[in-house]
Amino acid sequence: MSLIHIENLAVYAGNTELLAPISLTLEKGQRLTILGQTGSGKSLLAQAIMGNLPNSLRTEGRVTLFGEEVNAKQRQRFWGRRISMLPQEPWNSLDPLMGAQQQLEQTYRMVAGESAANAQQKAAYTLALQGLQDSGHKRVDQLSGGMAQRVAIACAMAGGAPVLLADEPTKGLDVSRRDQVVQQLMSQSKQGALITITHDVAVARQIGGRMMVIKSGELLEQGNTSDILSAPQHPFTKALIEADPVNWPDKTPASSHKTPLVEVQDLTIGRGNKALSKHLNFTLHQGEVVGVVGDSGCGKSTLGDTLLGVHQAMEGTILRHSQAPLHQWQKLYQDPTAAVSRAVSLATLLEDTVKLHKIDRARIAPLMRQLGLDEALLQRNSEGVSGGELQRFCMLRALLLDPVFLFADEPTSRLDPITAKEVSQLLVDVAKQNGCAVMLVSHDPDLIEKRCDRVIRLDA
Amino acid sequence: MQFVKATAFGALTLFTFAASTLQAAPTEQNTVKINAAFEFSSIDPSRSGYVFTRMQVIETLLNVDTQGNLIPGLATEWQILEQGKRWRLSLRDGVVFHNDKPMTAADVVAALNLAKSKPGAWQGVPVTNIKVVDEQHIDIELSTAYQPLGAILANYASAILAPESFGADGVATQVIGTGPFRTYEINTPHRLVVEKFPQYWGQTAQVEYVRYLTGHRAEARVLQARSGQADIVFGLDPAAAPMLKRLPNLSVIRSDLPRTLVVKVNAAHPDMKTVEARQALSLALNRRGIAAAVLRAPEAATAQILPSYMADWHLADTNIEQDLAQAKALLHAQGWQENSEGWLEKDGKLFEIDMITYADRPELTTVATAIQDQWRQLGVKLNVSITNSSAIPAGHADNSLDTALMARNYGTIADPLGILLKDLAGEKGGDWGAMNWDNESVKTSLNELLSESDANAYRQKAQTIAQAIYDERPLIPVASYVQQTAVTKKLDGFRFDPYERSYFLNELSWVK
Amino acid sequence: MRALLLKRLLQLVAVSWGVGTLTFILMRSLPGDMAYRIAASRYGMDAVDNRAADLVREELGLNHSAWSAYWQWFTDLLSWNLGNSLVSGEPVATQLWHMLGHSVVLAVAGILLSILIAIPLGLASAFKGGWLDRSLLMVSTTLRAVPVFVIGLLAIIMFALEWNLFPVAGFGTPAHLVLPALTLALSLAAISNRVVHTEARRVFGSSFFEFARMKGLSPSQTFMHHGARNIAVPVVAFLGIQLITVVEGVVMIESLFSWPGIGHGLAHAIFARDIPLIQGAALMMGVLFVVMNTLVDIACHYLDPRGGQLA
Amino acid sequence: MISSLSRTQKTGAGLLLLLVAYAIFGPMLQNGDATAQDLNHILTPPNSEFWLGTDHFGRNMWIRLADALQLSLMMAALCVLTSAVIGVTAGVLAATGGRWLDRGLDALVTMILALPGLVLVLIFAAIVPGSFWMLYVAISLIQWIEYFRVSRAITQRLTRSPEVQSSKLMGFGQWYIFRRHYWPAIAPQLFTIAAFGAANAILMMASLGFVYVGIQPPLAELGLMIVEHFPYYSDAPWLLAQPLLLLALVVLACHLMGRGRTQ
């Protein structure tokens, strides 16, 4: 008897089709991964299965759970007990005012029907299992992304639901946390079934089982994960796989860099009065691309800001060997939409920079072509363009100032894999041509490996 | 959980507050509820004795009948000896204070001496000594004859309270009077409840309790009357009178008072020093319009400050009609020319004056607004400022006052001589009377009247004074004051006192 | 917690001194001679004359310099004595206590009633939406569009006159409290019910609410454990702010229903230039403001510990 | 920005335009002025000659209401303008200026808040009884706090944002940062506060008429009219209804303008 059987499930807004009809069947112990870019409608599929689509959308097709055909209303009885869904942002899905353990206890008591004492004991045990034994009393805002995710999973599973739907479970987590969460998902759903929705090829590879690839609401390809990953049929799938830094071509060895730009001796960096990393010694040369890697919270961003002079170094010295004026020490931000004012069009912003520093307008056109930005784009404001386009606009603005040093703070972590690959390549090439030193920060060691001349590893 | 606790707490406070104020005795049935505009900020007779005389808690030696003549009160009779320099009063016997102690001559003398020492009615009275003659008689000795002493003895400030009511500093701490009602509960400044005093010497009350509540706002009082929550409501806004008359459960009683709506004019003001200018201002007034449309009492229009039943002082032929053309002619003769916007102008200066009035009496603001427009048609720019009533005496003292609209009470008794002395005979006139009016003959004849005993000589002098006031207009009368009172039909025997001295509560009875 | 109380105590002292001085300066800059005004309130509006004003001026030492009067008030304040009212001579403290009693009862009754009206309606309109939400929005907007004394007048015409259920004005029995409290409650609830609606709509649509449902909790369980408290936090914060505007309503309602409260007394005191009473009343309101503010902050912190250290 | 108004805001704006048109052009459509009295024609119901009838002094209500509306709208506009300018400047300075400036302004705000608004206005109105300008000063003194708080909060949040940090790194000055970053974030919020501020200013002036502190005769003011016409609520109910309705409409228009997308 199949746990889940879906026939021609489709989602419509009015009569525009958001998700083309899809059919699938899941037996006990099976695992399915749905792979696709952000915004390709894979979340809608999860909500359609679960039965909690926003009431402005409607579905067609039949959903049979545990052998019983149920419409959206009837499925609510199964929530938590037979089928459970893990939403995208765990730090938003936990009650902000209640402690983690308390929320877990509550699920045991009310959903699984445990006695108060049992529920309390079980909750403590589950949290200890996750290595969260001493943060039971903490609230969501006191937990890191990874910890919040693990509490959310525990809560979702507390009701004993055999089938688990995980929607982008690893979004925003760094590599080490990501693998931990994937292991937890697979162990929890051994005896039931697991449907995982993700854009991360590495996650799909670890989960195995069967896979479906979706692009803008269309099902492109489905089959065993290992077969598709090794021999993708559809060009989009191929591009998606290649976008994983592991598959990027190796970096050509850089020419030697001689002239030092900035020298750091026995530097300690920190924010407020808490020191993050101590005794750092390195020299950054002109035109060199240096990568900085480390777990979140080890001070990667703070190092860059200290070099730019935004933060004071706590100890040690920073020697600048170049007399370049302040505005030639620039920064690229992790979230470009937060770094560019929404009030006016990009053209006006560009115009402001050009007027301020009296830049020769002739240089704009060639640079825009190189960055793949077309003229029409500039008429819109920062919300009217995609994340990739906006990051490239920021690079345009920075490069027009002839920077000697560019601190790129995880510039591609918010972009989807394919765009991230293009933008990171573009960044390194353009910087090299203009003799600008780059410090690239990322939590993905493969990306740093494939893009930088040299790597600095920070440990918390 | 928190909300449940909060509402419980709220209910608890409400309950305790309610329990403490539910009195056993006065109930809806046995209490007459009275509502009026006047607050009493203290219980000392010199300050707000009028509330306690009206509620018949305290009494005076002499009273006043409806025609304004002095009649016996706590004193049965009074003789004026030694050409007015000694007044001998014989006291009524069988009078008992509310603390069951009989009233003695010594008590009366003590009370009068205290009254004499406080500001108010007893000012300027040339008293040298007040003494006990024997158990039934007391004497008041004066340095010179003072004819209005009778009115002062009838004034609330001279009420007789038991010695025990006064504190060490002479200020009353409790009200132990002799009236047909005794105080039951006092909450200054808003509420007073009195109960029937069985041992009263005169006609004992038929009603058990009477509650007096201050209603500050005119419309709030109208609503009290209309909803029947107050049995008697004084000081009704004339505008609401027609609506109240249509109600079945109450009747509206209109009574004329010896109070006149008067415009006080600063006769030293450059634009208003000449008689013609004041004549013009008076002629521009549409008195019939104001009386009918604003005061809702067409017959209240008057051009004299004193009412008709003060025969000696009332002139036969006075003209109250509006004559704008004549008024303009008078002013043109004075050199005023009309400018482009219609304002009168003389050598670059507008005819612009201020008028002070106060909102405590609802009619004053509306009449002032009417006058403002009528003088506008004459070309005079009048700025009305509604402030506190004390601004009028203050403006008189520092000469900053141009004009003021006020409701002056001329009759505590039939003969207004006492009031006129205060208003006209003062060195600059009177706080509530004329201002800088340089007419010496009126002043001298007023003082002569003080000792004038021959009736028709008295009347002849009074007529000349009244004529001088009418001709030279130091005070421009607008209309006589009409008081509207709403009385529930459940009560019988209500009588309105034109001199506002008593509510005659002991004559009230419930209609069976 | 102790840090907050200490800080608020300091604020209390600063506010009381500040408010007292501010009112003193403002009152002293008022036109018109104080002696006359006080005499008018003492001896009745028609009986005031120069003689009475001069007597008052001597008795109260009004011709002394403003500075000495201020110093007198300041030293009295240090010994917890608010001085005596110029008009009635009674100590300001007793008069205020009497007036404050009535105002607090009216304010508490009004606020409780507004909560009882606003919360159920706000929640219901957020939950059901549709016609209930639209009609409530319409009623709330209309009530907010008229000054509070108009609501009072309409309440009198309807309840007291047409149906004769409640007394028109005055005080004494609980029946007297109903109309003033209802008027105040309606003017407060007109705004607070929309705040409750907005916050409830936000919580019902939030992802933690949805995830709680996903975990298997029934709608009522989800509301009880997660919804109520998350709605309460901003609503309590808003009620705290609304407390400040309560006084405005109270002054108007007391004057309409001749309710002997502090608002009404204050309006009269300003006309009568009874400076010690005004200083006392303003001081009392300033103290009430700081105390209420602290209580609200504590309640908010208790409900939402995320607000960081209790500053 | 105008095009982005929601449906409710558009109705509000339409209603307000209608009222402004009546306030300005109303008096021109009838001859005579707001203070000319005719004691023989008091309380005449609306007829062909007097479109909105005459009040208890026989004054033409059509012109009188237009005058009163002019006064209310002028008070609203002036108060909103002044309190917005003061509030926003103080707010931005407090957020960007030194620590002491912030604490100083904060103490001042607590002081003003401690004294209930109406009491402050009552005292100010008593300084120069019946003067429009003193009322305007008093009301603006209370209303600027709302603008101060909002603009300070927004500016404090933005000073730490990447947007401002990036502009600083690129060498832009404080004035540019205000024009490009702070102001566009403050402006939409300002619009809502301004709308409700205008409504409160009008309500406050009306309430003052109620305690006889507001405007002096013969000036027409909505709150004072409601009080003056109340005794005639059974003889001439339409007379009381007119100022009441007009006051409600103008305040409603402001509230609708303020509602926009937020509520």
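We just call them A, B, C and D in the order they show up, numbering each chain from 1.
Criterion: a contact is a pair of C-beta atoms (placed from the backbone, for glycine too) under 8 Å apart; a residue touches a chain by one contact, two chains touch by 3 or more.
Quick caveat, the model's predicted, so the values are computed rather than measured.
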{"item": "Partner chains that chain A and chain C have in common", "value": "D"}
{"item": "Those chains which touch chain B and also touch chain A", "value": "C, D"}
{"item": "Middle chain, criterion being Cα centroid separation", "value": "C"}
{"item": "Per Cα centroids, the chain farthest from chain B", "value": "A"}
{"item": "Chain pair bearing the highest count of C-beta contacts", "value": "B-C"}
{"item": "Interchain centroid distance [CA atoms averaged], chain B/chain C, Å", "value": "37"}
{"item": "Approximate Å spacing (C-alpha centroids) for the pair chain A, chain D", "value": "48"}
{"item": "Between chain C and chain D, centroid-to-centroid distance (C-alpha), Å", "value": "22"}
{"item": "Chain B-chain D separation of Cα centroids, rounded to whole Å", "value": "43"}
{"item": "Contacts with two or more other chains, residues of chain A listed in rising order", "value": "none"}
{"item": "Sequence positions of chain D contacting 2 or more other chains", "value": "129, 230"}
{"item": "Contacts with two or more other chains, residues of chain B listed in rising order", "value": "219, 387"}
{"item": "Chain-chain contacts as defined at top", "value": "A-C, A-D, B-C, B-D, C-D"}
{"item": "Chain D residues touching chain A - in the complex, by the definition given at the top", "value": "161-163, 165-167, 169-172, 176, 180-181, 183-184"}
{"item": "Interface residues, chain A side, partner chain C - complex", "value": "50, 52, 76, 79-81, 84-85, 87, 89, 92-98, 106-107, 110-111, 139, 141, 152, 155-156, 158-159, 161"}
{"item": "Residues on chain C engaged by chain B in the complex (per definition of touch)", "value": "32-33, 36-37, 39-53, 55, 87-89, 101, 105, 108-109, 112, 115-116, 119, 153, 156, 160-161, 164, 167-174, 177, 232, 255-258, 260, 264, 271-272, 299"}
{"item": "Partner chain C, residues of chain D touching it in the complex", "value": "107, 110-111, 113-119, 122-124, 126-129, 199, 203, 206-207, 210-211, 213, 223, 226, 230, 233, 244, 247-249, 251-252, 255-256, 263"}
{"item": "Residue ranges of chain C in contact with chain D within the complex", "value": "11, 14-15, 18-19, 22-23, 26-27, 29-31, 141-142, 144-150, 153, 157, 194, 198, 244-245, 247-248, 251-252, 255-256, 263, 266-267, 270-271, 278, 281-282, 285-286, 289-290"}
